[in-house]
Each structure stands twice: as structure tokens, then as C-alpha cells.
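What follows are several structures.
Each of the next two complexes has subunit A plus one other chain: subunit B in the first, subunit C in the second.
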Partner chain A sequence: MKRTLKWTTAAIVVVLAFGLLVPTVVWAKEIKIGVIYPLTGGAAAAGRELRAGAELAADIANNAMADLEMAMAKNAGIKSMGGAKITLIFKDHEGNPTLGADLAKKLILDDKVDGLLGCYHSSVTKTVSAVAEQYGVPMINGSSTSPGLTERGFKWFWRTTPHDRWFTKDLFELLKGLSEGKARGVAKVSKQDIMKLASACEKTEWGSFTSTLVEEFSKEYGFDLRKSLLYAKEAPDLSSEVRSLKASRADVMLFASYTSDAILMIKTLDAQKVQPKVLWGQDAGFETPEFQQTLGDSIVGILTRTVFLPKVVEVKPLAGKVNKMYKERTGNDLSGASARSFTGLQTWVHVLEKAGSTDPKAVQAAANAIEISGSELVVPWAGIKFSTSGKEIGQNELGSGLIGQYQKDASGNIGLEIVYPFDVTTADMIYPFPKW
Partner chain B sequence: MDILLSSLVAGIMFGMALSLVALGLTIIFGVMDIVNFAHGEFLMIGMYTGLLTAQAAGVDPLLTLPAAALVGFVLGVLCYAGFVKYLLRGPMIAQLLGTFGLMLFLRNMALLIFGANDRAVHQGLLVGKSIDLGMGVIIPATKLAAAGLAAVSFGAVWLLMNRTKFGKALTATALNPQGARYMGIPTERMNALAWGIGCASVTIAGALIVNFWSVNPYIGLLFTMLAFAIVALGGFGSVPGAFFAGIVVGLITEIPGFWDFLTYTFDIDWMADVPMTSFKYMWVYLAYFLIMVVRPRGLFGWKH
Partner chain C sequence: MEALKSAFDFSDFPRSDLFVAGALVVLLLVFPLFPHSAFAMATVIQFFIFSLYGMGWNTIGGYGGQVDLGKAQYVGIGAYTTAVMLIRWDIPFWVSMPVGVCLAVAWSFVIGFPLFRLKGHYFAIATIATSLVLKDLFEVWDFVGAARGLEISPIKYTPPDFLRLIFREDIYYYYVIFAFFLIGIFYINWFRKSRLGFQLRAIKDNESVAQSLGINVHLAKVKTYAIATAFVSVVGSFHACYIKNIEPEDTMSLNISILIALMAMLGGAGSLWGPIIGAGILIPLKSYLKEWLGATAGLVGIDLILYALIIMIISATEPRGIWGIVERLRRRKPN
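What follows is the complex of A and B.
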């Protein structure tokens, strides 16, 4: 009896030891990245794009694709970690910062993710990155543009996209260029004609910061900001906001809107026949396929800042190849959202490759030292290199923005043409904004 | 001047649609003293009915009013027969919490069925069209149609309540249920019909509003709050009160427009910096609060 007990105990110990050992070996082949995006709610359309972009990047990283001139396409999985594959665990934050933080905790504590990617809405990125910071889990952000996010001195947060301070400045440079006759295809415009500005921004972290930036730059560049209002992105009706914009008789109207509110804003401007000379959106909703599909011809002439346009393909063959793969999967071209989530995950792959482990400290050191060449990227940036000192910590210093304008081509298709920076334009700018 | 006129017209039009929303609430309250917290949820159902019927049948959203009315009526009667009837036997607090529970139930059912995404009407006979009234006043055709049809629906319900035997029976039930029963009025059936008509009028309003507002499962709360303010202002249980108070509340939501009129007519810089549009509903609730303090029975109220 005693002997049986002894043997049984020994057997249990052996089984347990194996049990602990075997999964460790298996787990080492998988790197879990928690990805938090708005998959439902007002920004669901953008969420789908973001998700597809990240999934495509993960697929390229996990499989060797010889015809793609990208470091991450050369090997199947992370080479420095024995070909470990990347698994993405998606969560839906619905545009809600509190929910986002809860999901981040779940991903860290329950799913034991090795790192995070997300979250699109700056307000959600703010709370999620605070959770990541608390637990010491690395987080890479590809598409939130509120400048404050990298001004908090966080040690576990890196942002690849340029932020709104650069983008908003781009707009004012464009207006200045218009008054100096630099815009392609537009005769010099008197500054008096574009003097009066009005802005309407959604009132979470991202929009309200954009609103402040517009105020700052209006003063700096000497424009008269007649009205700046904030609204709720969930607002089912924006008619009083639009009437207020109309009342200000502004020449230039600026918007920071997510998807459904951007559509509603343009529909309402159209219905009220508000006729500014320049109509500019701060990316996000103004760039989603839903925006184009829903509004059709009425968007011709609208400007939006962006980081990626299908036109980039003409100057970047690599972007063309990735765009083709993306289009096969989704039916849409890459957009600012999907191109940046792609780049976000691509950065994760490079960081992991450099770190050679999922140990947070190693990942942190690798992220701080990473240098990705612009030729690796689908977005038209000089590359990716994070700032490690100064006012901004973890901000990519090599990014840049574009301003696109919706125009109709000869065959009647509407698409974005690059109108700024002035040296890389792809078409003449339409000025003033056409009658509705 | 165009700013002032635009705001006035917009306020009146929105107010007409709002008064139809509040009508259902006031009927149900008037007949059986029940405060229906789920009122806005019926509006949300009306909005979805309008939107989905239009998409499924390929007709203009404005033509879906009968479908919305039918859905609202059936749902109202079912709610009464299956739920509210039992609540009436309980204390006041049970009725309050009961309709509150109904609100949560309907909202979460909508979330389950339709998802959290915003949906909006993008195509239709009048969608995207506007009418220039001159003097710089431009109004979207959908809003004008909604205001007109709301007024027509309102008038129809008013006639039903005031010019028919059925309406008199309803009023009798409202004033004295026991007396009405002695007179041979089937009060139980009257209650069910009051719920049916109340809910139908709000679902009609929903099908009208969805022409220019987007819908999601959370939209109901805003309208419940607005409807409460309108009913309080117009007087609990008063049908004409709901109409006039609806227009007053519509105009109150346009205070930012009147503010802009003053700002840009007299070129007052500091006024342009006040974020009035962010607070457009605040004035409605302030009015609600004031009327509760100063004249609790409202402008036209006859119930205590």
C-alpha cells in the first residue's frame, strides 16, 4: 500500500513537471499582442479598417513573403525568437475610455499579453496607456494624435504617428501658402478673403485639443477665429452647431470629427447651404470609406489632413504592393487609419525582433533604441525613431503629414489628391470650395 | 436678421416634432397617472421601425409612418396587458421602478438586436433637399415634412380625444375610473387603448425624426428628458399644453441661435467665446426646474 502511494506520488510529480514544462515550450512560440480598437459605436467603420490593417501586418510578419521588400516579410515569425508567431487579441472599446481601461486590465491580467496596440480615440489611448504604465506593459500607439499623450513622461508608451500640433500647423501653412500664391493651380488669394475662421471639434481629448491648437495657430498666423465650438461626437443632430457656424460667416471652416459626426456635419452644412471657401477636416471621420460612400459627390473640394493616401502608391511601390493585398481582403484602399495600424503593428514586429524576447525590460530598451528606415514603411515618413528625452517622450520624430483634397477624376471616381506639402502635390487644388 | 429668423423657424419646427413625442407621455399620464420612463425607448423603436421598414421595403422613410404607428400601438397594448396592468396594483414606487425597468429592458434588447452602431437615413425623397424661404432662411425639407406631419398627427389625436365618444370615455376614465366603470365604460380596455395610442404617437414621432437624426439604442434618454420637460411645462395630462410647450421647448433649444444673432449683429467679441451650443439643452432643464418650483401643475395642467 505504502509503495503504491509512493509510486503514485512520483507519477503525479512527473506529470505535473511535464505539464508545466510542455506548455512553456509551446507558449514560447506565440507572442500575444492585445489590440484595443472601436469595433462598434460611432467609429466602428474606422475600427474595421484599423483591425484589417493590424491583421494584414501580423500575417506578413507570421509568413515569409519573398516578393515584399520588407524586413518583416523575410521570415516566418520573429527570427530572433525562434520564429515565434504573433497572435492578436482584439477587444472593442466602443469609444469609451473607462471600458478601454477595463479591457486593458483584462488583457494584461487574464490574457497575459506581452504588449498592447491601440486605441484610435485619444481619450481611450490616454486611459489605456495609464493602465499599461501601471503594470509595466509596453504599448505602441499608431493612430491617436492628441499631442498631450507623449507629454506625460511615460516609460511604456510609444507613438508612431505624428500628432495634431504638426497637422494643424500644416493647415495654417497651407492657408499661408494660398495667400502667397504657392498652392498649385490657384492664383494668389488675398489674405482678407480667408481671414475669418471657425472651428467645430468633437469634445473628447482629441477634438478639444485640436480646438485649442486652432486657437493658438490662428493667433500665431494672424487669422481671425470667429467661432470655435465643441460638440458631442454621439450627437444625433448638429443643426444648431451648423447654424452657429453659418452665423459666424467664416471663410475657412475646420473640423475634428469621428465617422458618424463627420457625415452628419457635412450633410447638415449641405442642407443649410453653408458656403465657406475652405472646408478642412482633421482626418479621422473625413477619411473613412463610409464618409466617401455615404456623401458621394458632395465631398468634392473638402480637404483633410492625413498620413496616407492611395496616391502615395504612385511614389512608393512598396505601399502599392501592401495596398493591393489590403484591397484583396477588404475591397477598400488603405486609408490613414489602416495604414497607421499596419505601421503600428509593424513597429511591434521590429521592436520584438530587436529585443529577442518578450521580457518587458528588453522590449522597452529595444523600443527606445529602434530605428526603422522610411523605405520599410507604407506611410510616407522618413522612418521611425522615438524621442527619449526632452518634453516629448516616446514620440516618433520622423513622421510627417499630408493634406488631401477630394476630387473627381476623368472617369468620375472620387478620391483624395495631395495638395500639401506643395512640393509633392498630385493635382491642382480646388479653390474656393464649390457650391453645394 | 437671417440668423434670428433661421433660429425661430428651426425652433418651431423641432418643437412641433417634440410635441408629438410628449403627447404620448401626457396621454398615458393623464389616463392612469403612470410616469412612463420608457417613453424615449418607444421613440427609439419608432426610429428603428421607420429606418428598417424603409430599407427593407425600399420606400421613402416618410411613408413608413403607418408601420411605425402599428408597431407602437401593438407594443403599447402588449406592454399594458402584460406588464403595466400588474404594476397598477402596486404602490406608486413600483410603477416608477417598473417603467424604469421597462426602459432598461427595451434599450438592451435594442442593443442586442441592432448593435451599438449609429444608423441614419441617407436616401429618400426629401433627404438632402432644402427649401429657401428667402431672407437667408433655408430649411431642410425633411424637417419641414416632419413638422407638418407631426402637426397633422397631433391634430388627429386631439380630434380623437375631444370629438369622439371614445375620447370622452378616455377622459372619463382619467377623471374618475370608478365612476366611469359604473357608467359602463370598460376602463381596463380604455387603459390599454391609452397605452396603444400613447405609444403609437411616439413611434410616429420616431419615424419622422429618423429622417434627420441618427439612431442608436441610447437615443431614448434624451427624448424622455425633453418629453418630461415639455409635459411639466404644458401641464401633466394636458393635450393642448403638450403642443404649445413642445414649441416653447423647441424655441428654448434655439437659444444659442438667438445668442449668435446678438453676437454678430452687435459684433460683441466676448459673446462669441461663450460655448452656447454645448449647453443648448441646459436651458430646457432650467425651464423644467423653474416651472416645477413656480407652477407645478404647468401652464395648462388640470391634474394634481
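What follows is the complex of A and C.
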């Protein structure tokens, strides 16, 4: 009896002591980020890359990795929040804006996420960010490039990637540079030789805005836009579109396509032996591994705008280390899609670290004040700093783009070489586009 | 008055059907009042939306036997009318919705008269073509935002706004679309017993015989097509306010047209409950298979395979859809 009493008393003391201690213990909180990407449908290949990029960034943030010169790799979890770990909750929007909005509501109301990341398709980002705005939930976008997204005055939406106004301008600067003899390895080209332009863009938010920009810049730079087409990204056949492009006899052809339509477009151009002098893709489908693997040698000479090329590792050792980790996991190099989803989540980590809380107001203030140095990033940007006034709200002001060209190296491997900006090129530009 | 009485008269259905239907209506009425997930709420709203689309399709497709695969064009007309009138002139939903219905019905007459000269597969193909042509026109029409579409800004209006139908919480949208859903059921209940409803069934059975009985086959079809259009247009207007973003590629896509027909056919075309059963099975099935097996479980794509498999099994088992299976089972049961 005495013994029982002794044990009971001891147990009560332990429980009480534990009870008193509990309020003083800081439990590492879990930070939930809802990630909405296209994991099925025409852009599923890009979706896989986006997912892998975000997962890698979360792993680095959740585990200390001393050999990576990144602030988020120094601690295990968010230091200012007692080492809170980041949990990603993935959802698949299939490229469908209505579904995206429903998923955003689910993540916000059911899963109680602290913030959102996504969505690749600008059309889906548009509906998802509208839901986030209504509920006052912070959303960081890493890979949607329609300029309109940051022109809506939203207070809960930030975009790290540069947008298509910059990218399209880059293309016209490249064409101008060609006519001024600035392109590496190419003799000065007469502007008359590259005067006639034609564009074919998929017809959702992203592609249609790109098409408008091509029209705007053609006028501004004095080019003759002969044909401007919009097509459905799910189209099973692009023969008539390609016939129309061929009929325009354009010297420069510009495309804004997702993965499956980019592949189909190039196959159809090849089949109909359409022979422009410059063939340029607005990133997305033109830089997925599937594009390269499916089309093989026929892509040599194609240009694509991007924000990351494997060649970047030559000038950024940090990118090389992250690229190595990514390749060990997926078997592929980082691409513009995966590098940007990585950077999107990295920005989330920096914002949370600065906010020291998941309170939306604190996150909002931190995001508006954040400044991430370019040396922290895998993408070759000057850094990340969001605009808080003017026409564009929440747009990263320090981003920049690259134009890569598919080229074959001495050992026969095809990869992207930087051909623009002219001061960071990694190879001579191939001009004109080779015969099919 | 007689029409109203007929709309509320379900006496030709077995009691068991009415009991199940009544229980479901009560359940749906109180569902938002009990703890529920936002996902479940969004799924039920989608169910109402597609049930209404299906009810509309069922008039011409089910009772009339005319396979219409172009309903998305009317979703677009309804949605764009509401969005344009709200964004450009700040006209509330309750005004723009009837205007959308009028425009959609007018358009249905324009294309209905020539289209119903065609029969069978030719008619189905023609409806697809007209829908795609209208979608293409919207994609280049700057007044309606061209391919980028229109967005009802979430920061411009202060929710809850009952006139403009701008809410933050889905519960408001739920009861609005639920009211439309009930009105839809009562309307179709009247329609199937109306003169036009009987004419259509006669046309479906044998067009030549129907004509010989003095039925103006062409006019009956055009009138029913307009009714189907009105249903779809109302929901299109609702969709614009609910999603707050419309673009032709999403709102007027061929997928929408096919889904509308698929749900009605799978549930049981030509029956009052068919489209509701079709939407009631396919919408939650797709949403929850995706949720359980899709991105979260890492089995991306498996949900779509299972979804397709279930559709194939139902179609192979009973071409008249799920309602056909129910009726077959009933016939087997001894009285």
C-alpha cells in the first residue's frame, strides 16, 4: 500500500512537472505550403519537374547542409520559428483554372495551409491567386509569366520569375543584335533577312498575352509580323496552323507552347519542311527534357528563352551543387521550370524566416520587405525584391532571362548553350536554322 | 396554374423513388449547416452545376433523342453576358442572367433552324462545329477579353454582395445554385408531361409517324433546343460569378460539352432523375478519386484510369445508363 502510494505520488509529481514545463517548451511548428501544379494532362512532364524542384528546396530547408552556400541550408527548418519544418501538400490542377480555384479553397479551408505556391499555367495562377486574395492567404508564384498577373493590384500575390514582357523584349534585342553583328560567331545579318515574323501561341492566358507582346514589340522594333496564330494546346493536329505559317514565308518563327503541343509543332514543321532562319520558343514546352528526348537531333538550332540552363553552373558554382542533387534524384538537369519552382520555395523559406511567424500579416510585411541576394539563387538573377508600388505589385524587380540554343557538342550530346545576353554567351550561335 | 400543379405532381413515380429523392433534398438542404470540408462543398456545387446542365441537355438529348454536343457555347454566352455586364457597366447578376438567357435562346434559334434539318451523327457533328466556331470568335473578340478572357476582380467588390452574386464563402453560392436545382427539377417534371414533352418522345420513337400525326417536328425540336439552352445559360451566368474568371478555352471547351452529354447519358437519358444520378456519381467520383489517389498519394493518373474504367463498365452493362440498371432490377423483382 505504502509502495503504491509512493509510486502514485511520484507519478503525480512527474505529470505536474511536465505540465508546468509544457508552456515553456517551444514545439517546432509544421509550416504547410499548398503547392498546385499540373501533374496530369498535357503539361504533366513540366509538372513532374516543378514538383521535384519544390521538393528539393523543401529538403534543403528542412535539413542543415553545410556544404551549400545558401542561407536556407544553414539550419534545419525555419530558425526564427524554432526550427519549424516545411511540409508541402501537392495538388494537381490538370491545367484547368476552375479546378485550380477549387483546390485552392480546399488547401486554404480544409488543409489550413499557411501559404500557396504555384501554378505554372498563368490561367490557373489567375484563378488560384484570386481565391488567395479573397481569403488573405499569401501566394508566391515562381513560374507563371503572363505580365497581367502582377498588374491586378493584389496584396497577397508575389511573383519571383521575370515575365513575358521582359522575355519577349529579350528576343527582339537578340534579333536587333543579329542585325548589328553582336551575336557571337555570326556575321552581321541584314535586317531585311530577318524582317518577316510569324507567331503561333497556345490560346490561354499565357500564350495569348505572348502573342499580344509579339505584336507590340514587332511594331516597336520595326519588324513585319506576317502571321499571328492562336491554337489549342490540346490540339491533336497542327497541320493547318503550320501550313499557314509556311504560307507566311516568315524568316523568324516564334512559339509559346506547352510540352505536348511544342513537340507536335516541331514535328509538323519538320514534316512540312518549313524552313525559317530563326526558330524561337517561349520556354515552357521548349525546354522540358521530354522535348529534347522525343525530338532528338531535329531540335539543334532551336532557340528558347529560359531562366536556367545547365551551362549556368559554369558561372554559378552553387547552381552546380544544387543541379547535382537534383540530377541524383531525377536523372535530369535542372530546367527553367524546376529551377524556378526551387527558387519559388526558397523565397517562401526566406519570407518565413524574416516573418518569424505564419501569421498572414507578418508574412505579407516580410514578403514586401524581402531582399534576397543573387548569390543565394540557382537562377542567374541579381536577386529577389518585390515591387510594392506602381503598375506592377508583387513582381520581382531583379529577375532576368536568358536565351539558349540547342546545340550538339563534340561527343554528340544535345544541350542548351547561352546565346543571349551577348556578354555571357557560352557558344557561337547557329544561324540560320539548319535544314531539317 | 395547371402547369404549376403539374410541376409539383410526382404521383407517377413509385413511393420509394419519392422517399429517396425527398431524403436527398433534405440532406442537401441541411448539409452546409453541419461540419463539412470546403472540398465537399465545392464538389456538391459542381454536382448542382452539372445536374442543371444535364437537365437542360436531357430535354433535347434525352426526351428528344437529338445528341447535342455543343452545349458549351451556351455556357459561354451566359457566362460572358454576366461578366461583361458586371465588369463594364456594373449590372447585377439578377439582370444580366435573364439577358444572357435571351441572347442564348436567340442564338439557339439562329443555329437551331438550319441545324435541325440534319439528323443523327450529322446533327451531333454540326453542334460541335457551331460551338467551336463561337469559341474561336470569342477568342479573337477584344470586347470580351479575347483569348485571355475576363476576370471579376476579387478586390473590387465587397462580399457578400447578393445583387452581383459576389461572395467569399461558398455557402451562399451553394444555396443559390441549390434553389436553381430545385426549380430545374420542377420545370423538367412539368416539361416531361407537357404537350411538347410528349411530342418529343413521339419524335424520338419515330419521326415520320410523329409527323403524320400532325406534329411540327422541326418546330418542336427548335423550341426544346431553346429550353435546353436557357438551362445551360443560367448556369453559365452563375459560373462566371462563382469562378470569377472566364476564358473561352476553359468555359467553352469541347470537354464541357462532352461532359454534359456524358453525365446525362450515363445517368439515364430521357428520365427525370438520369442527369442528376449521372452528375451525382461522376462528379464526386472524379473529385475524390483524384484526391485519394492523385497528387496526394503520388499515384498521379491512376484516378483517371479508374474513372474511365467505371464509365466503360456502366456503359457496357446498360446502354441506358444507371437509371436503366435500376429499372431492369425493378422489372426482375417479383411484385
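The definition used in the following text is that the second predicted complex is superposed on the first by the 408 of 436 C-alpha atoms of A that agree within 3 Å, B and C clash if a C-alpha of one lies under 4 Å from a C-alpha of the other, contacts with A are read in each partner's own complex, and residues count from 1 in each chain.
Basically, a residue touches a chain if its C-beta (ideal position, glycine included) is under 8 Å from a C-beta of that chain, and two chains touch if they have at least 3 such contacts.
These figures come from a predicted structure and were not determined experimentally.
Enquirer: Do subunit B and subunit C fit side by side on subunit A in the superposed arrangement, or is it a clash?
Expert: Result for subunit B and subunit C: clash.
Enquirer: Just to be sure I read the superposition right, which of the two partners does A:408 touch: subunit B = first, subunit C = second, or both, or neither?
Expert: neither
Enquirer: Could you say whether A:105 touches subunit B, subunit C, both of them, or neither, answering first, second, both or neither?
Expert: A:105: touches subunit C, not subunit B.
Enquirer: After superposition on the shared chain, which partner residues are touched by A:169: those of subunit B (first), subunit C (second), both, or neither?
Expert: Neither partner.
Enquirer: Once chain A of both complexes is superposed, is A:40 in touch with subunit B (first), subunit C (second), both, or neither?
Expert: Touch status of A:40: both partners.
Enquirer: On the A-aligned overlay, A:203 touches which partner chain: subunit B = first, subunit C = second, or both, or neither?
Expert: Both: A:203 reaches subunit B and subunit C.
Enquirer: Just subunit B (first), just subunit C (second), both, or neither: which does A:230 touch?
Expert: A:230 sits against subunit B and subunit C alike.
Enquirer: Is A:191 touching anything from subunit B or subunit C once the two structures are fitted on A? First, second, both or neither.
Expert: Neither partner.
Enquirer: Between subunit B and subunit C, whom does A:153 touch in the aligned arrangement: first, second, both, or neither?
Expert: After superposing on A, A:153 lies in contact with subunit C but is clear of subunit B.
Enquirer: Hey, which part of subunit B ends up inside subunit C in the overlay, 94-102, 166-174 or 202-210?
Expert: Given the superposition on chain A, subunit B and subunit C clash at 94-102.
Enquirer: If I apply the document's touch criterion, which positions on subunit A are contacted by subunit B in one structure and by subunit C in the other?
Expert: 40, 44, 203, 230
Enquirer: Show me the residue ranges of subunit A that touch subunit C in the complex, using the header's touch definition.
Expert: Listed in rising order, the residues are 39-40, 44, 89-92, 96-98, 101-102, 105-106, 108-110, 123, 126-127, 130-131, 133-135, 146, 148, 152-155, 203-205, 207-209, 211, 230, 232.
Enquirer: Can you check the complex and tell me which residues of subunit B touch subunit A?
Expert: Of all residues in subunit B, those touching subunit A are 3, 6-7, 10, 115-118, 120, 122, 128, 130, 132, 138, 140, 143, 212-216, 218-219, 222, 253-254, 256-257, 260-261, 263-264, 272, 275-278, 280.
Enquirer: Under the stated contact criterion, what part of subunit A meets subunit B in this complex?
Expert: Touch list, subunit A to subunit B: 40-42, 44, 94, 203, 226-227, 229-231, 234, 236-237, 239-241, 243-244, 246-249, 260, 263-264, 267, 270-273, 294, 298.
Enquirer: Note which residues of subunit C are touching subunit A in the complex, please.
Expert: Going by the criterion above, the answer is residues 37-39, 42, 46, 139-140, 146-149, 151, 153-155, 159, 168, 170, 239, 243-245, 247-250, 290, 294-296, 300-301, 304.
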